[in-house]
Structures are given as structure tokens and as C-alpha cells.
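Chain IDs A, B and C follow the sequence of writing; residue 1 opens each chain.
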Amino acid sequence: MPLLELRDVQARYGQIRALHGVTLLVEEGEIVALLGANGAGKTTTLRAVSGMVRRSGEILFDGRPIGRRAPDAIVRHGIAHVPEGRGLFAELSVWENLRMGAYVRGERRTLSAEAPRIFSYFPWIERRRNQQAGTLSGGEQQMLALARALVGRPRLLMLDEPSLGLAPTVVRELFRIVSELNAKDGLTVLVVEQNASIALEAAMRAYVLEVGKVAISGESDELRRHEGVRKSYLGY
Amino acid sequence: MRWVPVGLKAAVLAAAVALIVLIPQWAGEFRLGQFTYVGIYFVALLGLNILTGYNGQISLGHGAFMGIGAYAAAILILGRDGLSLAGTDPPGWLPEHGMRPIFVIPLAGLITGLIGYLFGLPALRLAGVSLALATFAVAVSLPLIAKHYETVTGGGGGVSLPLPTTPFGWDISTPHWLYYEAWTTAGILFVVAWLLVRGRVGRAWRAIRDGEVAAVSSGVSPAAYKTLAFAVSSAFAGVAGALFVIQVSYINPDTFPIGLSILLLASAVVGGLGSLSGVIFGALLLEFLPIYAQNPPVLDFSFSKQAPSVVFGVVLILIVLAAPGGVASLLRRGGRPVRLALARRGSGPSRLAKEE
Amino acid sequence: MLAFAWAEFFQQITSGLATGSIYASLALALVLIYRTTHVVNFAQGEMATFTTYIAWTLMNHGLTYWLAFVLTLLIAFAGGVGVERALIRPVEHRPEIVIVILTIGLLIVINGLTGWIWGADVKAVDSPFPNRSVDIAGVFISIQDIGTFCVCLVSVLVLWAFFRFTTLGLAMRSVAVNADASRLMGVRVGWMLALGWGLAAALGAIAGLMAAPTAFLDPNMMLVILVYAFAAAVLGGIDSPVGAIVGGLILGVAVNLLGRYVGGVGEELKLPTALAILLIVLLVRPAGLFGRVIVRRV
């Protein structure tokens, strides 16, 4: 049974329909990429899963339907969503952001228990715990957003355009960490990316969205050789 | 944008005008006085609707501008000699003799409009809620200021005006005269408001209300139009204040308390912001709700003096929750079946007119 | 001669701090709601008056002052939560002007209800503090003023500790900073907003209870205080809790000193003068002393 499954999911912003029937699945332990041009509906798909947009259709997490549930309940199921733009609490400190990451587990001890693991992946966080999150560099902010998502020990991590606005070295480091988390801790990842090449390097499978529907899907290797994908998203 | 057949609108307007003209034939003196107040509130609410409904600037100080107009009118009607008779010690720069009330009304409006313009200038720096707070603060301050500057305003005791009389020796009873004075003024100002609102000025106002940034990119200069809205609405309030003080023949600092400003805004909302036709409902509400909420006609019962406030507030809350466009929007929704029926009967809608 | 004048000066300052702390409490309530719900609650003063009347009723039924105080705070809290859930939640997503008008409607209703239930005549509320003065280095400071200041100070500190050290407080702060992101952290934003309204109502109740002994309890008691509280909040920066407190204290002291030392400012002109000062400050610093300027590029 796939960890996450979407069946014919539609979503709209007010009167505007953004998703016209998205069907996809993510097996436990996979890294799956969601590709597509601007406005194709990639971000909306993630928001549909985490309950942040009006949606219809079936969404199943671990076999349980979550398509009607509120965001706070969905997060409690073990889905962590790092939104576009990081969604950090800019005026709060690094440490307070992490504390909020622990909120979903509802235990005060959570952060102190998880801290060693977080510091092992992001050593700089320990030194800068009292710094205001908004004053971090772009790369540090993205790392903090990722760290915050991990505090709650999610089963599924959803990343929305993590490479946006970051230098290539930082992007590579980020995806290295994600791959390591996937390999060592079995973290399942669904990542939305405009940077198709780096996404296909990290992911095993990918879906390509066009105008609110899945247009192409398959293994990363296949897609890298796929004519249409190469021309539109890989540039060669 | 709603499209309503011109015929229907004209018919309703004609019926309303006929009703207004004919009421004095049927109404006793007390009732007539009440309807005079409706006319006065109508003028005030026209102004408030322009400022808050069409231009989106929330004002909780409209009652204060009525007060300014009322005091201006009282001072002009009394003149220095009238004020000294009343026991105050008026300063030398006031005119020596009083003026006829009928000339004072437009003058009071102009003075208040000027003050409103001057207020509108710094108000440009305030948006939304800050403006509401600022006007709220002004409204609370005004009675205090009036109390303080006794030489001009007569202080806490207020000033009495000579009882009104029909001017120029015309053969109309005074209550009738006051009624027609109020409603003729209301009619004239309604036409002025209508012309402003449907023209370029009104479009600019609405553009600013709906999105100032977008309005600027369409070439509208918000500063000029926003201060104009303040000036126009205060002028209307000033006229209403003048009519009021002529009607009552007395004014003191507590005549125009903060409660009035609050109720004016509430009435404007319940009548329907951004809709000139809603203004009449607001005016009727403001005059009659307090009376009927306290002594409901059918029940043989008298509620406490506070009941009107509670009912007013509940009505306002219900309108905000269920029908933000006010009574006017409810009628529009309710009137759809009528309009559809009319459209079907004729050879289709003959000439459609844009509503408001 | 000089020593005498100084004593009076300090007396004016201390009593100004006491009234200022009342303004600060109500201003803090306004800022609390503004930061979480992004709404200015025009009914805050009336809610405070209503809860003060409840306290009066409890005390009239034999409860000791502090027992009535605590009970009133709990009732106020519940009332604030109730109002948010019942009235504000349905219009959460509507434009600002709509919600403002809703709170104005609430102001009208509560003002009327207060008069309806308890009548318009003035009620006396006993102060929990003895009606004496203490002589500190030649300056006579009323115990009432000290008590008022301390009660307000303690409540502000308790609130500060709540926000700084508890998880719930952190969750509320996160909602104020970024509501959507906090949803993704599992925060039930709706209930956080309700909590904010509850806390604000409790703060307002404290302000009302501290004001009642001197201001005398009638249905309109808090209207003028509300204006001062607005002024304090705007002076400090409508989104700054520290600003609300500092603004309230400054306003309290300034108004007292103005009334006493500046000729021409009689009792009546205290409020308009305070507002004029506020206006001048705003022209220089539009976001208030501690507020953040939001730049609208046009």
C-alpha cells in the first residue's frame, strides 16, 4: 500500500480551478519528484495534501482518507510540509522555530530528544539558536525550515521548491541531506522542483504536471531520456 | 454592477417623492416632526455614505461634523448680539447681527466642509482602522472642546435659538415649513450626491476604495479625491447639523455625543454602504428604531431605555453577518423576481440603466 | 518653596503612572487582539465595563473582593473566547472594514445590555486598597495608586511570562507572525485566536476593576478610557505590546502633567491635548514609537 495516494484530486482558489484531476502515489521509502512549469499546479498539489486549499477527490495517507481533514490533523498524521518560501517564523529565534516543529508531537521533551539528531545534520544550528530566523541567509533559512520539519519525526516530508533562490552548492548540500535522511532513516520524500535536473538526480521517480494534471510519469532515468521532458525541463 | 430597468427605478423614485410631498397632509404635528428628523438624518447619511461607502474611508466622527455645522449655524443665527443676550461674552470677530436661518444652512455647510477638508489632509496619512480611531477620537473630543470654549459656544449650558418661524411671511405653518425645508434640502443634496457619484469623481472614489494602488496606476490621484470626499461629506454633515439646530432651537455640547457618530455609521451600514437608495432606510431606522424598540406597537409593554441600543447593535451584527450590503442589497436580491417578471413581460428590457 | 513644588511634581507623576497603567492594560488588550486577529476591537472598553459590573454584582452578593476579582477574570476570559468563536470567526476572511463594523455593533449591544441589566445610575465599587497615602521622602503617594500600578504590572508580567515560556504562548506568537505556517506546524489557529480574545478580555476586566473606584461605575465608564487606550496603542505602535505599555504610561503621566502645569488645559481639554500630542508623534513616526513601518510602494 502506498504511503501517499492521490486519486483524481481537484483543487481551486476561489473560482479558479488549479488542479483538474491529479492522480499519483508515493511508496514508503521513496523520493518522488513533482515537476512542471510555473502554474502547472505543483505547489497546489502539496497544499491539497496538507489541507491548505479547497480540494475534492481522494487523498489517502497510509490507507486512511485525509482529503476532508483540517491541516492540524493532517500534520499530526506524520506529514511535514515545508512550503514555498520556507514559512519560517521570521521574528522568532532559530530555537523557537524548532520548538514549533515539535508542537505537533505535543511533548515538551520532544525537542531535547531530537536535538542531537538535528545538530548532527545541521551543526551550525546549535551555535546560532538565539538568532532571529529572519536574519539568517537564504540557505540557512532553508536548512532551518528542513530541520524544523524533521523535529516532529514525520513519515512523509513534502518540500516545495527548496532550491528557490539558493546557490548551487547550497542546493546540492540540501539534497545530499535529504538523500541521507531517506537512506538512513527511511524518510519518504515528495519534492516539488522547477530545477528538474537536480530533482531527477535525487529522486527515484517523478511526475510531470501540466495544467493541473499529470502528463508524464516514470522512473528518473526514463524521464531523463524522455524527449519531451528533456526539451521542456532539462534544456537539452 | 446590477442592471435595473430604468422604468422601475424612475417609478420607485417618483413614488418616493410623491410620498414625501404628501406626508404633511396626513401626518399630525408630532409625526411631521419625526419625518423632518428623517430628512435631516437623510442628509447626514448621504454624506457618510459618500465618505465610507463610496470612498472607503471609515469615519466614526460624522456626528462631530454635524455638531460643528450646528454650532456654526447657531452662532451665525444669533450673531454677537444674540450670544450676549444668551449670557456669553462673544469675541469681536463674530458678525454683529444674526442671519436668517435659511441663508445660514448653506453657509454652515460650507464652513463644515472647509473644516472637513482641513481634517482630510492629515487624514491622508492614516488608513483604514487608524482613520476610524482618529475620527473616533475627534468625536469624543469635540463635546469637551465645546464645553471649554464657552465664550463662543455658551459652554456646558449651551445656547438657545429663537424659535423658528416661516420666513418671508409665507403662509405655511412652521412645522410644515421646517419639514419642507429639510426635505427640499435633502432632495437638492441627493441630486448633487447622485451627480457626483455617477460621474468621474464617483468612479475615482470607488477605484480608490477598491484598491488604492491599482487606482494610482490608472492615473487617479488618491490625495485629491480623498480630501474631496472628506470635504463633501463634512459639508453634508454640516448642513444636517444646521437643519437640526434650527429644528430643535437649542444646542449644548452633549447634543452630538460619540453615540451619535456610532449610530450614524451603524445606520449607514444597515441601510447599505455604497448605495444611495440605502440611505433612506438608514434614516428611517435611525429615527424610528429607538422609539419602536422601546415601545413596540403591538405589545403593551415598555422596555428599558437601553433596549434600542441592544436592538440596533443586534441588527447591525446580523446585517454584517448575513447581508453586508445592507437593506438595499436585500431589496435588490428580493426584487429580482419582480425585475425578471417585468423583463419577461415587455419586449425584453428596453433601456437598462447601470445601478448606482 | 522649591521642595514643595517637587513633591507635587512627583505626586502628579505617580498618579499619572497609576492611570497610565490602566490605559496600558487596555491598550495591551487591544494590541493582543490586533496582533493575532488583525482587528481593532472597538468593543474592548464595553466588554471591560460589562465584566466590571459582573464583579460588582458578585461583591454585592457577599464575595470578598479578590474572590470576585478572580471569578470575574475567568468569566471575562470565557466571554472573550465566546465572542471570538461566535461572532468573529464567521467573518474572519472578510475585509477589515467589515470586522471593524462588527465590533462597533458589539460595542452598541454591550453598552445597551449593561444599561438594561444594571440601570444607568452610577454604582460604587470599593477599592481593595486602603484609602490612605504613604509619605515617601516628603511626597504623599496614595496607596490606591501604588496598588493599581502593581496589579497592572503583575498582570502584564504574568502575560509576558506566558508568552515567553509556555508552549501555548509560543504557538500564539507563531500565529501572530505567520498564521499559515503555524497551521503546518499543527497549531489550531482558530482556537489560538479565541485564546487571544479571552486573554484580552481578562486584561480589560483588570483595567475596568482598577478604574472603577475612581472613575465610578456607569455604562459609559470605559468610553473615554478606551480612547486613551487607543491613543496609547497607536502611540506605541499598534502591533507592539511593549509599545502599548510604554505608550500607556507616557500618556498617563503626560496628561496629568499637562493638566496641572500648562495653563489653558483645563479638565476638559486633557483628552484633546493628549490626542493632539499623539497626532504630532504620528506625523513624525507614523508607525508609532515601537511599531514597524509597512511600506506601500505606489
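List of remarks:
The definition used in the following text is that a contact is a pair of C-beta atoms (placed from the backbone, for glycine too) under 8 Å apart; a residue touches a chain by one contact, two chains touch by 3 or more.
A quick note: this is a predicted structure, and the numbers were derived from the prediction, not measured.
Taken as a contact graph, with one node per protein chain and an edge wherever two chains touch, the assembly forms an open path, each chain linked only to its neighbours along a line. Contact counts per chain pair peak at B-C.
Core chain by CA centroid proximity to the global CA centroid: C. Taking each chain's centre as the mean of its C-alpha atoms, chain B lies 33 Å from chain C. Between chain A and chain B the centroid-to-centroid distance comes to 56 Å (mean Cα coordinates, whole Å). Put simply, the C-alpha centre of chain A and that of chain C have 43 angstrom between them. Across the assembly, chain C contributes no residue in contact with two or more other chains. Those residues of chain C lying in contact with chain A across their complex are 167, 170-171, 173-174, 177-178, 180-189.
The part of chain C that touches chain B in the complex is made up of residues 40, 42, 87, 90-91, 94, 96-98, 100-102, 104-116, 119-120, 219, 223-224, 227, 230-231, 234, 238, 266, 268-269, 271-272, 275, 278-279, 282-283, 286, 296, 298. Of all the residues in chain A, the ones that touch chain C in their complex are 50, 52, 70-72, 75-76, 80-81, 83, 87-92, 96, 99-101, 103-104, 108, 148, 152.
Residues 52, 56, 58, 60, 122, 125-126, 128-130, 132-134, 136-138, 140-141, 144-145, 147-148, 212-213, 216, 258, 262-263, 265-266, 269, 303-314, 316-317, 320-321, 324 of chain B touch chain C in their complex.
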